[in-house]
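Paired with chain B in one complex and with chain C in the other, chain A is shared by the two complexes that follow.
Coming up: the complex of A and B.
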């Protein structure tokens, strides 16, 4: 098991939530029904960042449907860029970008941030435009 | 001189900083078309990204304040140039306008502000050009036709997605191509014009962004592009940032100029365009001399 994966699983354990509770919370925060998805795979076919994800976007939904904790330990939600390609293509009208955000929020609301200023060098902070830093911190910190 | 028509303009922080060429050229071309972009007073940063969780009213406050500023100014609309500001403000306006319960909650929370009435709509400058001014008027204003210049439009995400805020067909938009044609340049077709560049992932997954933007630019080059045109300062940064990396690592790498759509217009109108990459300037000049001789 890779170190990143192990840490992700540890982090999931720190949430102290069952998968039933997680799925309820995801649905409540996103306003989406994860069981609407019928696994056609259109979202993953169009997702520009799918290659980088441990679980493809449709697999994330499948894992949620199956109450499989891997949904919460896979890196997918942190790689997702909220580009909304999946949302415009989903034949079932599932807003996967909102589902991903809800999953992130479950961590972020417990103060488990996924990006920090300490992790960036001064050079990078100076190099990056405000628009990138503000967006990244809005998505990955609580 | 004719009086200029006013548009209530929200610049956003990036246009005041790294994307100043976008604002400079935007002001100049709109003036040439008879409009003045009047900056909203005391605007604040919209927060860049729209909050996607339904219970999170907190993060609507920033954008709603900007809508209040427009209301105070007696305007029923806000025009943006930055496509990320467009998306955030537009989505916030759709989230609260016409929803009394949300309006009441937000207004109750912002007790130092006047109540927001839910009447301000948000538009992108490209919509104004297409729907109010029209491509014919744009074309009439052209003094330096960009004939022979091949332009790759790069829409990115936030002008087109999600569906409810799309300014054009999310899968097959034409607004940037139509603008290009009005300037006498040639729009080119390539597979990546509506793809995502990786956005803010550049902060902690820069390699992913480099990989994606390299693919986008290679496809545009193969299709014969002389320049890539965008309306998003983050796309602009990501594409340019990757190019710096490519110049460093690939011998003889030839840079692809990346500019804002307002800069392309400024070249066609012969008005202040901000900084234009030297290779593009030379190319445009060459095209115009050839035409002059021919």
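Coming up: the complex of A and C.
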């Protein structure tokens, strides 16, 4: 197991939430019904960042439907740039960008990590997904 | 003093669960005028009906109330039973204690009280009921069929074979519909025209069928058995009988437009033959494309016509016909591909619809069966077929499944592989729905036998790369995104109701569903009937379906129409409005509000009701300031009594 994967799983454990609770929370925060998805794959087919994701966007939704913890430990939500291409194309009208944001929020609201800009090396800033940095700082602004 | 019998139905547990039927019967037995009351498990059963018959004879009943399900279900059953026992059928009333009581309430005590009041109200109605006799109505024996596709042709031929005359109206210059455009039909791979054209010929030659092509129904008046329809026959400017198909007119015609029959893949002249097997077999002058006939701007076609078939003076003709029944089979159109912007539908010439592909592979189509790219004419070696293009997409397009696309895409992939054995076919699907007889075996046989690549995922975007197209897809089974290069993209377009369906539905006073398809009277039990008596629907105008289903519905609608056309006389309910001439002042309010145009103010200055047009809705009765017009067996006094007891007043 890669270190990143292990860290992701440890962080998931720190959430102390069951997958049932997580799916409910995702739906509450996003306002979307993840069970609307019928797995046509159009989101993944059009996603500009799908190649970088552990799970393709449609697989993230499938994992949520199956209550599979991998939905929360995969890097997909942090790669998602909220470009909304998936939302525009989805035939079932699922706003997947909102779902991804809700999943991120579940982590961010736990305030588990304490990112400070000073503490990040140039290399880290270059390598970290932009959306992760944006999200990390957003929780500091309330 | 009346002698009324009350029967309370348990409907198994449907009513009994929420209503104490025994208490209802017991309470009603004490009600003034009721001489017999009982409850039973299923009043609609033969035993239940026998109870009604026996009680009528034994207690010499002059009225019956059955408290049961809605009168739409079993009023006729119970009335027939009453009639058999010698009671006038209009002296039996149904109190609906299922749909209006047990199914909508949960408190047993309250529901029982409501059931008692409703049964009492029905007793009050029966008390005032008179003996009535059904009205016999003379009717027309001809049938109108609107739409000359396979479904309409089938309906027309079936009705004609029963010995009744048929008027078959088709909007286009030839009958045949979309089936005439198809290459081969699944799952048997019959050539579509080979099986269609015999039917077209049969319809055109049948002594009982009058064919009106290039025509539209513009007005419909009347009622079941006696419709008066107005049909506009548009001018073709060519005398069908004289035209000898020499093609000289078309050769000299200077105007070219996109050819409808080839789905815009080729061009035709303003004067043209719709297609080789067109019926009627005649050239047609397209007034919109022509440089001008009024006044004549060009006139070349008339100059070269040796037989003098071209007549620029032809004018639209209004034809009025009387018919007894109407069958609507107006078919489908494909959803406009330009709505699918992410696929470049309607923009990239090499992104074609499924019907365009049918024409491309057709041996007598615009490419003579040689599959070439519409853009540059290069041979097609790689194709991406995209399922559900505009279907199953409640977010942006049509929510329903178009039903036939899965199977015809397999067929099209097969035709591609037959024509281009080294070609690569990729089919992007969400689910494979091959529901007809033999369809699953057909499609799976092609998938495995022809090594077609089926990719479980929908295409998100088609990119024009100049000399080829790239389809962005995802294989959701392996979780991999993919981009594949192809020469042609075929969109399995959604079926939508044909243009003008909504207007025609309005003309016919029939309903359309939320997607614009014609709505059946009952989704399961009355699939080809509409809520307007005497108007039937068939084929894809009712919803997406394949050829066998369209043909079956055509025959089904024909059977329903024949039942009307062949009847000696039609029976009309006598529960219609009647005017008290002493009270009527001839103010005409009733005539204004009548939705059926059933009331006229005569010269004598009083209102007269046409019994046959009247449906007994009672709007006139409610609007008459003098109380001079009433519906038989629903008179003001009866209704007042019913309301009284329903609200709890004691007798």
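What we mean here is this: the second predicted complex is superposed on the first by the 113 of 142 C-alpha atoms of A that agree within 3 Å, B and C clash if a C-alpha of one lies under 4 Å from a C-alpha of the other, contacts with A are read in each partner's own complex, and residues count from 1 in each chain.
Note that a contact is a pair of C-beta atoms (placed from the backbone, for glycine too) under 8 Å apart; a residue touches a chain by one contact, two chains touch by 3 or more.
Source: prediction; values computed, not measured.
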Next on the checklist: With both complexes overlaid on chain A, does A:81 touch chain B (first), chain C (second), both or neither?
Outcome noted: first
> Where does A:9 make contact in the superposed view: on chain B (first), on chain C (second), on both, or on neither?
Replying inline: neither
Next on the checklist: Quick check for you: in the superposed arrangement, does A:92 touch first (chain B), second (chain C), both or neither?
Outcome noted: second
(message) According to the stated criteria, A:128 is in contact with first (chain B), second (chain C), both, or neither; which is it?
(response) first
Check whether A:120 is in contact with chain B, with chain C, with both or with neither, and answer first, second, both or neither. first
Comparing chain B and chain C in the superposed model, the one touching more of chain A is B
Original post:
After lining up the shared chain so the two structures overlap, which partner does A:65 touch, if you call chain B first and chain C second: first, second, both or neither?
Top reply: neither
First (chain B), second (chain C), both or neither: which does A:49 touch? first
Shared chain A footprint, chain B vs chain C, residue numbers 85
Residue set of chain A touching chain B in the complex reads 28-31, 48-49, 52, 79, 81-85, 87-88, 95, 97-98, 101-102, 105, 114-115, 119-120, 124, 127-136, 138-140
Per the touch rule above, chain C residues touching chain A in the complex are 342, 388, 392-397, 430-431, 456-461, 472-476, 479-482
Per the touch rule, the chain A residues reaching chain C in their complex are 38-47, 50-51, 55-56, 58-59, 85, 89-93
Residue positions on chain B within touch of chain A in the complex are 13-14, 17-19, 45, 47-49, 52-56, 59, 82, 84, 157, 160-163, 166, 170-171, 195-196, 198-205, 208, 212, 233-234, 237, 241
